[in-house]
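Beneath this line is the structure, given in structure tokens, with notes to follow.
A, B, C, D and E label the chains in the order they appear, each numbered from 1.
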Amino acid sequence: MSHSTAPTGRATAPRTGLRRLAGAPGFAPLVMLVGLVAVWQVCVRVLDVPFYLLPAPSDIWTAGVDNWGLLWSNALVTLAETLVGFALSAVVGVLLAVVMVAWPLAGRALYPVLVASQVIPKVAIAPLFVVWIGTGVTTSSLIAFVMAFFPVVVNATQGLNSVSEGSLHLMRSMGASQWQVFRYLRLPSALPFIITGLQLAIAFAIVGAIVGEFVGSDSGLGYLLIVTQGNLMTDTLFAALVVLTAMGLLLYYGVELLGRLVIRWK
Amino acid sequence: MSHSTAPTGRATAPRTGLRRLAGAPGFAPLVMLVGLVAVWQVCVRVLDVPFYLLPAPSDIWTAGVDNWGLLWSNALVTLAETLVGFALSAVVGVLLAVVMVAWPLAGRALYPVLVASQVIPKVAIAPLFVVWIGTGVTTSSLIAFVMAFFPVVVNATQGLNSVSEGSLHLMRSMGASQWQVFRYLRLPSALPFIITGLQLAIAFAIVGAIVGEFVGSDSGLGYLLIVTQGNLMTDTLFAALVVLTAMGLLLYYGVELLGRLVIRWK
Amino acid sequence: AAGTTDADGNREVRVALDWNSYVAYHAPLVIAQEKGFFDEEGITTTLQLTAGSKDGVLAVGTGKADIGWVDLSTAAASMMSGLPVVSVATVQHKNATGLTVLEDSAIQEPDDVRGLRIGSTPGGSDSTLVPAFLSANDIPEDDVTIVNLPANGKIAALLAGKVDAISGQGYYAQSAIADAGEEARTLLYSDAGADVLDHGFVAGNALTDGDGETITAFLRAYRKGLDYTEENQEEACEVLAAESDGTLTESFCTSQLSGWLELVPAADTDAPWGSNSESAWADTIDILQTYGGVEGDTAVADMYTNDFLPDGQ
Amino acid sequence: MAAPGQAAAPASGRAARIGISGVERVYASTRSSVTALHDLTTEVPGGQFLSLLGPSGCGKSTLLRLIAGLEHPTSGTIEVGGTTVTAPHPDLGMVFQEDLLMPWRTVIDNILLQADVRRADRKAMRDRARELLAQVGLEACENKYPRELSGGMRQRVGICRAILHDPRLLLMDEPFAALDAMTRDQMAVDLADMAAQRDTTVVFVTHSISEAVFLSDRILVMSPRPGRVVADITVDLPRPRGLHVRETPRFADYVGQVTEVFEDLGILRDRRPAGHHEGTQR
Amino acid sequence: MAAPGQAAAPASGRAARIGISGVERVYASTRSSVTALHDLTTEVPGGQFLSLLGPSGCGKSTLLRLIAGLEHPTSGTIEVGGTTVTAPHPDLGMVFQEDLLMPWRTVIDNILLQADVRRADRKAMRDRARELLAQVGLEACENKYPRELSGGMRQRVGICRAILHDPRLLLMDEPFAALDAMTRDQMAVDLADMAAQRDTTVVFVTHSISEAVFLSDRILVMSPRPGRVVADITVDLPRPRGLHVRETPRFADYVGQVTEVFEDLGILRDRRPAGHHEGTQR
């Protein structure tokens, strides 16, 4: 993250401006991205990497501009599925964590099912999804949910259990019910953990939505990926991947921002 | 998780035995599993769910017994890939978190790349894998690694930052170097968080290994899933899923146990 | 659903397709819609994209669609495990699967594959056909190296020299390789003793048991669409590409379509158009059972019917 | 400290009697087991102000947790208001040795936690909380977060929280430890007033002998671990007591009595390494 | 407290001089800003034992953190040993107001953290840590984890950790607040011994006036926030001082002096609501 330093003292004023710029939160990732894209472009050109393998950023840019309508409309579909799946995973994930902390026995009983829901590949049971739920947006949201809720559960559980014995004593000394202990102590203590879980969840919800679109859908970026792949539109494929990544970053930083808004006392 | 209560007082002694059994850590999940399997079996039989959609547990059992050698040898392959990917994700994940906490600028620069590595579907860039790395065990371990390291990074980062200002003051009052602050304060504080990350990582490493086997492999449970699915050997497919789930549970609880061994001070 | 009619009194037919986006070989269906061939027969069709032939057959078998355009060998495997569908027409008479090699490859005939690396995708029909092909040509399986590759990685692997040949749809691989500036040719398994069924139509028992008329009408309209497509390939692809919302380019469609159309004509010209041949079905089942690990006790005769062909007996 | 605005006049007899009999508390772990309290028996009449004095680690906090019903005796029983303690008394207020403020709540909201949990009228309670804050000199800190407070300020917030609901049983674990002498005196006076006026049973842990004498009706001095009662001193000074009482001979007498008990216990003394500057002391 | 076994005889002149000039410390947040210290100037000669007294929240802990180099003044400068403080002094020992023990380290390992960080010989230091533990009466707790200790026990462990390496600059923030009177006296005597013997500059925050007089060469009394020095009292009692010095008239004199300063500050008094029982006090 260095910038050229002018050899003479005269350059102080503009350098200060650059310094301030370099300190801005978006600067480092931007420099990184620009650098990566440049390296990529040069490598593809110099090593003569074939187009069907890895198109150059310039090709991807052209394809992206040409197919902007296609990319945009499909991105919106994926975004909607992702958000639905994410919202579900947040709610259900926290609820499951609460249940598992409140009734450890139920927690132990549920755990195998939760782990199974993670390790069983969705594509393997896709026919079941398709037959029971049908194809399309619902299936994608559902798979997004299944992929995303686990980190929420695991992190929220850790958070709900992160309270000190002293604070529990305090709550009980006030005659707090189990529910009040949750509301006034465990949940606020768990918030930073839940946010971390949600940061993972939003990333995985995107993956889930895409996988759902692979399995059966006629829209969305995942659908676009499959189709452009089959129809050898490699540049459009990569343009879709870029849009996907941009969406991922936006959502990820969005959740992070949300976290900062919620956790104000730090 | 209830068991029948004998109506007379005479039953006290055996009931105590049952109680003790019910309290054992493995009891709840076992009851849950047995219950689920029973419900499944009954549903399939009563609703006459066709075999190609969802075989009955009894059919799966038969297929599992018949194909035990096949399942076992492929499970070992997947296990090995998972463990390699998991180990890599643990090491790299923690290292990345350390780097990002020690040099926040580097962290901000890296983040987009990490998020991209999560949201870009591995199957979409399979041609790149195939040409650069080839297919087989290496690819699977690599994909397992890529799928697993992110939760480690995110949770470890949270953990490394979970230290109080007071403790940082204490370390600095002793003249601790940045490295010593890591070694003596941040890392131990982060351990419970890292364990949580690793619990997620082991689940995702399995998924990654399976996806890797989808992408190109001639062994492993993922390969078996693809083949049995293509050939409509639905019972063997589900037997493979059962083995996969069992493996997932074993590994997951293994990491949990490891956590309990490491974090002894609680 | 089957048997229902719309406002115009047309019968509604839901057609499951074998892929989640339009492929060149879907052109006749879209043309038949576009040119009003279905309307002429008093039916209205809706096309449903699915994730693959297996899912297309499943859609028909579970009543989510009435007719399916699918790979019949995949359908046969599903029928074996009890899925209630039957084939009502074989459209593509020559199987498209084969070994595709680069133009300058030394491979000319089956025997030349000894010692080579073959890229194949597990779980698909090509992985079933590879051992069938080897066996038909007396080549021990140990004499070749099978490299399992994802469907989307095969062409890159061939071009990059990671494998010597790839197993899969010949016309597809050829046009893809041409697109990358190389030339390729295909050794079709169907010319080398390993033949299975390729694309055709399946229907569920809702139609076959009570509404055979609709099937016949549908096939008649489809055939008009097919004929029109053959005559006007450019236009057909233009229509299909437009219908595909930009997910299929016209040029890719045309290069695929001409390759595919060559595989359509029936070998036995005596039989009516669309006939399912007893021997082709028997051979397919035989290969699926021997090399594909497919099991089941459905009788071959119950898997197809020629009762609803438009030029019926 | 003032009672809630809307509260009634002092209601005699509401304060809870505490009965402790044969209480033993053992902390057992896989590695070792520690007997914190051994065979402790005593009775605290309702409305009494009892101070617990004893060397560090003798089990004072443990005893408070047992009376509160937060932990349970390994053997023996504890009664509050005539019934055996199984859960915290419904009318309990407790100041813990650590401040235990919730970092996500502002000062006033930390105090109002007591009202929230007890489903009391938050609005009325807010006024009372403000009053208490003013009394402890923190009226300017209402909307600060705990991390912005000094140690003593945090401790004062904890005290306000414990008395917000005007409890009948008040357990305080070294509540003034982090306060300067003046603030401490002031708060001691206020606390004595409140306890007398509101008919509250108070168990008060302190390390200040004179504070204990000043505040208490009775002082229990505990032995080093395992904690037993080694002295039970009734402080018979007239109430209300002003701070000037500390200059009276009877006060000095009580302080001397307690000090003597401590000296007899010989705390620490015997553990000094030989050859140390023992000679110069006292 | 004893010096490390292998350490040399008292080395005079090694203790660091502290210079504080025009120090202001403002805690600014988006919502408000608090001036904790205002224009504070003073000088602490090397080897002096200085006590800081002042009402809760007046900036004592803040000043300690500034001297330690853990925080930096908003304006003004702090020098230790002649150089401006930018980072903690290499020979610093610090006792914090909270105990700050690492929950994952046993008692002895918590003390040895000081050795680990300073890359000292762990084996020799282990002996010294054991000695210190014995001195504070915790020899039996060597292998316990912090959560198994009482508040006062934890505080003592923190003290051992701060002096393990025999520091030349010792900053202690209410180190004895959670200790009973006897233990506290004992530790005060030991601390005075150690400071005198080892030529250490000590800045000691306490709320006990008599403890300050007993220990100090000099006492600074600070005003309520923003903290300024309102009294600078040199305690001219002979050393070594035994606890009996507390019974001398000169001792009482010093205590009286400090108390008077506090009374003049009128801490809390003015904040009392009108009509309170002011009349009965003092």
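In the analysis below, a residue touches a chain if its C-beta (ideal position, glycine included) is under 8 Å from a C-beta of that chain, and two chains touch if they have at least 3 such contacts.
Predicted model only: the values in this text are computed from it and were never measured.
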Partner chains shared by chain A and chain B (touch criterion as defined above): C
If a chain touches chain A and chain E alike, it appears here: B, D
Between the pairs A-D and B-C, the one where more C-beta pairs touch: B-C
Whole-Å gap separating chain B and chain E, where each centre is the average of the chain's CA atoms: 50
Centre-to-centre distance between chain C and chain B (centres being mean Cα positions), rounded to whole Å: 39
Geometric centre distance via CA averages, chain E-chain D, whole Å: 26
Overlap residues in chain E, where contacts from two or more other chains coincide: 98, 147
Residues of chain C engaged with two or more neighbouring chains: 54, 58, 62, 152, 155-156, 160
Sequence positions of chain A contacting 2 or more other chains: 52-53, 127, 131, 214, 229
Contacting chain pairs - touch in the sense defined above: A-B, A-C, A-D, B-C, B-E, D-E
Contact set on chain B toward chain E in their complex: 164, 166-167, 169-176, 180, 184-185, 188, 191, 263, 265-266
For the chain D and chain A complex, residues of the former touching the latter: 65, 68-70, 87-88, 90, 92-94, 96, 98, 100, 102-105, 113-114, 116-118, 145, 147, 171
In the complex with chain B, residue positions of chain A that touch it: 1, 25, 28-29, 31-33, 36, 52-54, 105-106, 108-113, 115-116, 118-121, 123-125, 127-128, 131, 150-151, 154-155, 158, 192-193, 196, 199-200, 203-204, 206-207, 210-211, 214, 222, 225, 229, 237, 241, 244-245, 247-249, 252
Complex contacts: residues of chain B adjacent to chain C: 50-53, 123, 126-127, 129-131, 134-135, 214-218, 223, 226-227, 229-234
In the complex, chain E residues that touch chain D: 2, 27, 29, 31-32, 34, 53-57, 60-61, 97-98, 131, 134-135, 137, 139, 143-144, 148-153, 155-156, 174, 177-184, 186, 189, 193, 207-209, 240-244, 259, 262-263, 265, 267-269, 271-273, 276-277, 280-282
